[in-house]
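Let me begin by presenting the structure, written as C-alpha cells, before commenting on it.
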Amino acid sequence: MNFSFWLNDKEFNINLEEKVKNDILVSLGKKKYRVSVEFLSSDEIILNIDGKIHNVFINSNSLSYSVYVNGRFFKVEKKPDSQFIGEKGAKPGKRDIRTSMPGRIVKVCVQEGDKVKGGQAVLVLEAMKMQNEIKSPQSGIITKINPEAGDSVEAGALLFSIE
Amino acid sequence: MAKMFKKILIANRGEIAVRIIRACRELGVIPVVVYSEVDRKALHVRLAEEAYYIGEAVLSQSYLNIEKIIKATKKSKAGAIHPGYGFLAENPELVARCEKEGIVFIGPPSSPMEIMGNKTASRVKMTKAGVPVIPGTLEPLKNEKDLQVKAEKVGFPLLLKAAAGGGGKGLRLVTRKKDLLSSYRIARSESQASFGDPSIYIEKYIEEPHHIEIQILADNFGNIVYLGERECSIQRRYQKVLEETPSPFIDDRIRKEMGQIAVQAAAAVNYRNAGTVEFVVDKNKNFYFLEMNTRLQVEHPITEMVTGIDLAKSQIEIAAGFPLSYRQEDIKPKGFSMECRIYAEDPDNDFLPSPGKIVHLHTPAGGLGVRDDNGVYEGYEVPLEYDPLLSKLITWGNSRTEAIYRMLRALSEYQVYGIKTTIPFFKRILLHPKFFEGDYNTHFISSLEKEEDCRELEDRNVALIAAGIKIYSERKTGSAPAPKRKESNWKFQGRLQNFANRR
Amino acid sequence: MAKMFKKILIANRGEIAVRIIRACRELGVIPVVVYSEVDRKALHVRLAEEAYYIGEAVLSQSYLNIEKIIKATKKSKAGAIHPGYGFLAENPELVARCEKEGIVFIGPPSSPMEIMGNKTASRVKMTKAGVPVIPGTLEPLKNEKDLQVKAEKVGFPLLLKAAAGGGGKGLRLVTRKKDLLSSYRIARSESQASFGDPSIYIEKYIEEPHHIEIQILADNFGNIVYLGERECSIQRRYQKVLEETPSPFIDDRIRKEMGQIAVQAAAAVNYRNAGTVEFVVDKNKNFYFLEMNTRLQVEHPITEMVTGIDLAKSQIEIAAGFPLSYRQEDIKPKGFSMECRIYAEDPDNDFLPSPGKIVHLHTPAGGLGVRDDNGVYEGYEVPLEYDPLLSKLITWGNSRTEAIYRMLRALSEYQVYGIKTTIPFFKRILLHPKFFEGDYNTHFISSLEKEEDCRELEDRNVALIAAGIKIYSERKTGSAPAPKRKESNWKFQGRLQNFANRR
Amino acid sequence: MNFSFWLNDKEFNINLEEKVKNDILVSLGKKKYRVSVEFLSSDEIILNIDGKIHNVFINSNSLSYSVYVNGRFFKVEKKPDSQFIGEKGAKPGKRDIRTSMPGRIVKVCVQEGDKVKGGQAVLVLEAMKMQNEIKSPQSGIITKINPEAGDSVEAGALLFSIE
C-alpha cells in the first residue's frame, strides 16, 4: 500500500508490504526498512526497524498524526495544507491565531490596525503560573484582537487575526 | 520531652507533598493532606492516608488559605503542619497562627522567618553578625554627590538598583566612572515611571557569578550543622534548572568557610529546623550572603544523596523536639549528585507551558544511584493552575562523570508522552563541554545555543514509518480511530503544536 | 590495551536484562537484546537499542540456545555477551564458544567456571587452597565399618546424604550414635529406590545455619577485592527471599576473615570478573565454603548500595580489560541495605504462581534510599513461561532500623493490581520481632506463622463499599460493564481466586 | 439504593445515598460512612471514606466483583452461591476442580477411585518454572482424573472430580 504524508511542508511517500504477520517491508523515499510491529494498545507501538528498537506513541485526528518517537514530538500531516487551520473562506495571507492553552490574558501589547513584524509580541497569556508572550507568526497588519487584558480564554479561542 | 507526632498535615501538593508523605510513613507518622478542586485525583491525595478537600483551585481559596489549613489540621487532629516549599512555607502569619493554636509548625519560629524574609533587615542583621554581604549602600542615595562618594567606595563595575524595584526596571550596570551620572539619571526616571519612586541604591556588580547555597540543620538545643553546598548556577530566567553537589567551582577551604559562615548566619537569628543560606560567589571565589530560605529547598535531594541524611525526616524530628543525632565531624559527604527539574514545558518553543494528560509514563529509577521524586502518574492530567514541576530526577555517582552519564542514561529512559517536557533540554546541558568540565556560571544557559541533534533525522523517519504503520493497520482491520477520551487530549496537543510552530 | 566495547549483547530477559541495559548506557555502550516469542513486548526489548528475535518461548529454542545467541551476536556485531544470571550464565560451553568466535564473554573464563560448577571438584580444590569446607567425607562410604569410623570423626549431629541425590531423598539427620546404623540402612534403600545408586556420604549437620556470601571482583591483572557480605538466610524452599548487608549476625573480625578467605578461594581457581563465594555459618560463627556462583547475583544491588560501586558496570570494565580502579582499603561500605524479591506469587495460597496482566502499577522509587529494579510495566502481561520475579525492591538506611522502615514505606506504596504478588508477605517478615532484632537463621521462614492483620477487616469494608459504589454508578449512568479486553483478565483472576479458595 | 453482597459466604447489606455529586452516604450494616468518589477509569477509583484515602481497583463479571484494596484482594459475590461453579446438575457434595493457570501436569499422585483426604495432593502442575501441588479441597473419592502426567492443560480445564 502507498501513502503520502507531509512533515514541515515537505512531502514523503511511503510504501508498505506485509511479508509475514507484523513483519513489514517499508520503503520511504529511496530507503528500504524491515519493520517488525508490536501494538501495545491502539496508540502505543514498539517498532523494531532493522533490529533497532523505537517506542512510539501515535494518535490521529482527521488531519494529522501526533507522533512521539524516543521522547521527540512530530506532527505528520495527512494533507499538505492542514498545517494552517484557516477560517472558512479565509483570504490567502490572512491568519487566525488561536490559543492552544486555556489561560488568562495579562496584557495586550498592540492595537487593531497596528503593523507588526513576525516574532513581535501581540499578547501576554498567563498559564501554569507563567507569563508567555504570544508572538505574531508573520509581518502584517493586526485586523482583529479578540480578548482584552484580564479575560480568561479557553483552549482553541481566537486570539487575533493578521493579514 | 521529645515525642513523635501521631499525624502531620501537609499543606502542599505535587512532588513535595509526596516527598513529605514518604518521610512521615518512614517515621510511623500518619500523613494527612489537603487538596483543591483540580487536585482531586492528584498523586499526593492517592498516596496519603487521609485527605481533606479545602476548596477551589484559586490559591486564596485553598493552598494559601490559612484558615482552611488550620481547620483541616484540627479536624484531622494532626499535631503539626509541614508546609513544603512555596505556598505558605515562608509565611510568618501561618507560624503565628500555629503558635496560637498549639499546632507545631515544621520550620523555623516566626522571628527568624520574618527577619530573613526582609531584604534590608536581613542585610543589616547579617552585616552585624560578621556575615559578608554584597558591598553597596544599604540606604537610597541622597543626591548626586552622595552617588559619587559611595560609587567610589564600592568600585566599578557596579549596579544602580531601584529601591522599590524588581524585574530589571530602574536597573543599570555601570562599568566606567564616566557613565555614572548619566546612568543614575536614567535609572531614576525609569524607577519613577515604573514604581512612582525614584530612589536608587548601589550594589557591587559580581562578574561571572555563581549561586552556591549551604544547607543547614538546627535543633532546639543550640546545635547547628552544615551539610555541604549545592551549586545552583544553572538558571533560566532566575529559576534554577539543574543543581549539583559538590560544586565544581569551589575548593575544600572555601567550602568549610562558607559552611561556618552559614552556621553563623543561622545562629545570629536563632534559627531552627532546616534552612538554606544562599551566597553569590564571584570569579575570585569571594562569597556574599544573598538570602536565607527558611524552608526545605526543591533541590534538597542532592544533599541527601551525598550525606545519607534524610532532610525531610530530620525536619520532622527536630520539630518533634529531638536533638540532632550527629555532629559536624560526623557529616562526611560521599560522591557526587545532581538534580534535573523536569517541567511540563516545551524547551523547543521558548518553554511554553504544556499542561494536559500524561498518556504514557516510564520512569527510570532502577539501577544504582538514580532517584525520581515525581508527583505524577500515567493517566494523570497535569493541571494548568499550578507550577509545572513534574519531577526531580536525581543521580549519584562515585565521580562527577559517573553522575553525569547516569543522568544521561536516566533521561534517555524517561518517557512522558502526551505533553512536552524539559527532558530533551537537559541532554543539551549535560553534553556541553563547558558543563562537562564544570566550568560554568549563572550566564551559562543564556549563552547556550541550540545544537543540531544528529538523531533528529532518524527519529523523523521513524515518525513517518509509524504513521504508515498506523494507517496501514487501520485500513487492514477497519478499526475506528482511537477512543474519544484520548483523542480530545491529542487534539489539544495537535493545536498546541500548531500554535507553537507558528511562533 | 583496554578498550570499551561498542555493543554488548545481553543473553537474558526480565529485570536483569534491564539492569545490564542500564549499565551499558552509562558506559556509552549500545545494548543489544534477544527475545523469544512471548517476550515481544517485554520491558527489556522496549528499553534496548537493538533487539533480535531468537525463537519460541521454550528455553532450548531461545534463551538456552547457544547457536542462536552466537548468531545474534554476530549479526549485531556486538563485541561481547553478558549472560546475566540463570540461563547460560554458568555454562562453560558458551564461554568456550565465545573464546572460539573471538567474542568476549562477560564473566570468568571456562576453567574456574567448570571447577566451581562441580560440587566434588570444588570441595577438593578449596580444601587444598586452605578454604574451610563443611566437614564430612568427600567419597561415598565403603561399608558399615567405614560409616562408624567416619561418623565418629565428623561428630554428631550429622547428615547422611545420597551421593547421587537431591531433593531430600536419601537424606537423614542423625543426632545420636545409636541411630546411625538404622538411618544409614534406610538412607541406602531410599537412595537405591530413587536414584538407582545406594551410595551415601557424611556431612556435618550445621545447627541454626546462616547463609552468608561474599562478593568479589577480580580483574585481569591479578587484583582481587572483596566488597563485604550479604546475609541470605531468609529463604523459602532453598530460595532466597530477602537479603541484607551487613549481616546482623557476624562481626568485623569474622567479616574480614570471610572476605580474605573468599579472595583466597577466587585466587585458587584463577578467577576473573564478578563472583560470589557462598558460606554456611554455624551458630558459633564457624564458616564453611558452600559453593561459588560464577556470575552476577540477583541480590547484587545491596552491595552496590553500601559500597557505591556499580557491579554491573565493573563486570563490563573488567571484561574490556580495564584494571580495578580501587584497592581493598578503598572499599568502605556505608550504611545498611536490604532487598525484597517481589514475585508474581500468591503468598496467602502457598505461593501459587500468579501470571497475568498488570492492570495498574505504582512503584515507590522516590525519596532517599529506595531503588526498584523491576522488569515490568503497567499493561504488561507477566508470562507463564519464565521465572516469576517481577522486581527487586531495595532500600538503604543510615541504620538497619531506617532501612527496615524505609522498606515498609516502599512496600506500602508498591501497588501491583491484576495479579498477586509477594508484597504482603514481606510486611510479615519485616515486622516480626526476631527479624527486627536481626536474630534469625535459615529456619526463620518455615517457623513464621501467618499473623492476624488488623487492617484486613477495614479493607474488607472498603471492598464492600467499592462494590456498592461500582454498581451504583453503573445503574446511574447505565454504563456497560468494563471493556472485554480487561474483563478477560479479571475473569482469569476470578477463576484463580476461586481455585485458590478451595485449597 | 440498596444492594446485597456476599463475601466469604457472609451476606452484607449496603445502602447508598448521594448527597451531592460524587459525595455519597453509605450504610454498611450498622455503620455509616461519608464517601467521596473519584473515578480514574471505569476500574480505578479513589475513595475518600471519612477523610481516609483508599486506592481501589474493581472489576466485575456477571457473578462477582474482583476488588483490590490497599494491595489486598477481595472477591465480592453478587449471589450467595457463586463461589462454587459446579457443573450443570452436579450432585451435592460433588466438586469439579479446574485449573486457574495453564501449565503442564508433572505428576498424578492418586488414581481414580482412590479415597483422599482434604488437603491431600492429587496432581502436580508446573507453571512459571515452579511445581505446584494441586490438593483436594475436601475428603472423598476421586471419581475422575482428566489429564495424564506430561499433558499440557489450559486455564479452566477440568483436573479432577471428587465426591
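A, B, C and D are the chain letters, set down in written order, and residue numbers restart from 1 in every chain.
Convention: contacts are C-beta pairs under 8 Å (C-beta built on N, C-alpha and C of every residue); 3 or more make two chains touch, one makes a residue touch a chain.
Quick caveat, the model's predicted, so the values are computed rather than measured.
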I need the common contact partners of chain C and chain D, sorted by label. B
Counting C-beta pairs in contact, which comes out ahead: A-B or B-D? A-B
On a C-alpha centroid basis, what's the spacing between chain A and chain C, in Å? 49
What whole-number Å value describes the gap between the mean CA coordinates of chain B and chain C? 40
Separation of the C-alpha centres, chain A versus chain B, in whole Å, is 32
Which positions in chain A touch two or more other chains at once? 55
Going through chain B residue by residue, note those that touch at least 2 other chains and give them in order. 46-47, 412
Which part of chain C faces chain D closely enough to touch in the complex? 344, 350-353, 355, 359-360, 384-388, 412, 414-418, 420, 423-424, 455-456, 459-473, 475, 479, 481-483, 486-487, 490-503
What residues on chain B touch chain D, complex-wise? 32, 40-41, 45-53, 75-76, 379
Which residues of chain D touch chain B in the complex? 36, 38, 40-41, 46, 48, 51-53, 55
If we count contacts the way the header does, which residues on chain A are in touch with chain B in the complex? 1, 3, 5, 7, 12, 14, 16, 18, 24, 26, 28, 31, 33, 35, 37, 39, 42-45, 47, 49, 54-61, 63-76, 83, 85, 95, 97-103, 119, 127-130, 132-135, 137, 155-156
Contact footprint of chain C on chain B as seen in their complex: 15, 18-19, 22-23, 25-28, 46-47, 301, 304-305, 308-310, 312, 334-335, 362-374, 377-378, 396, 398, 402, 405-406, 408-409, 412-413
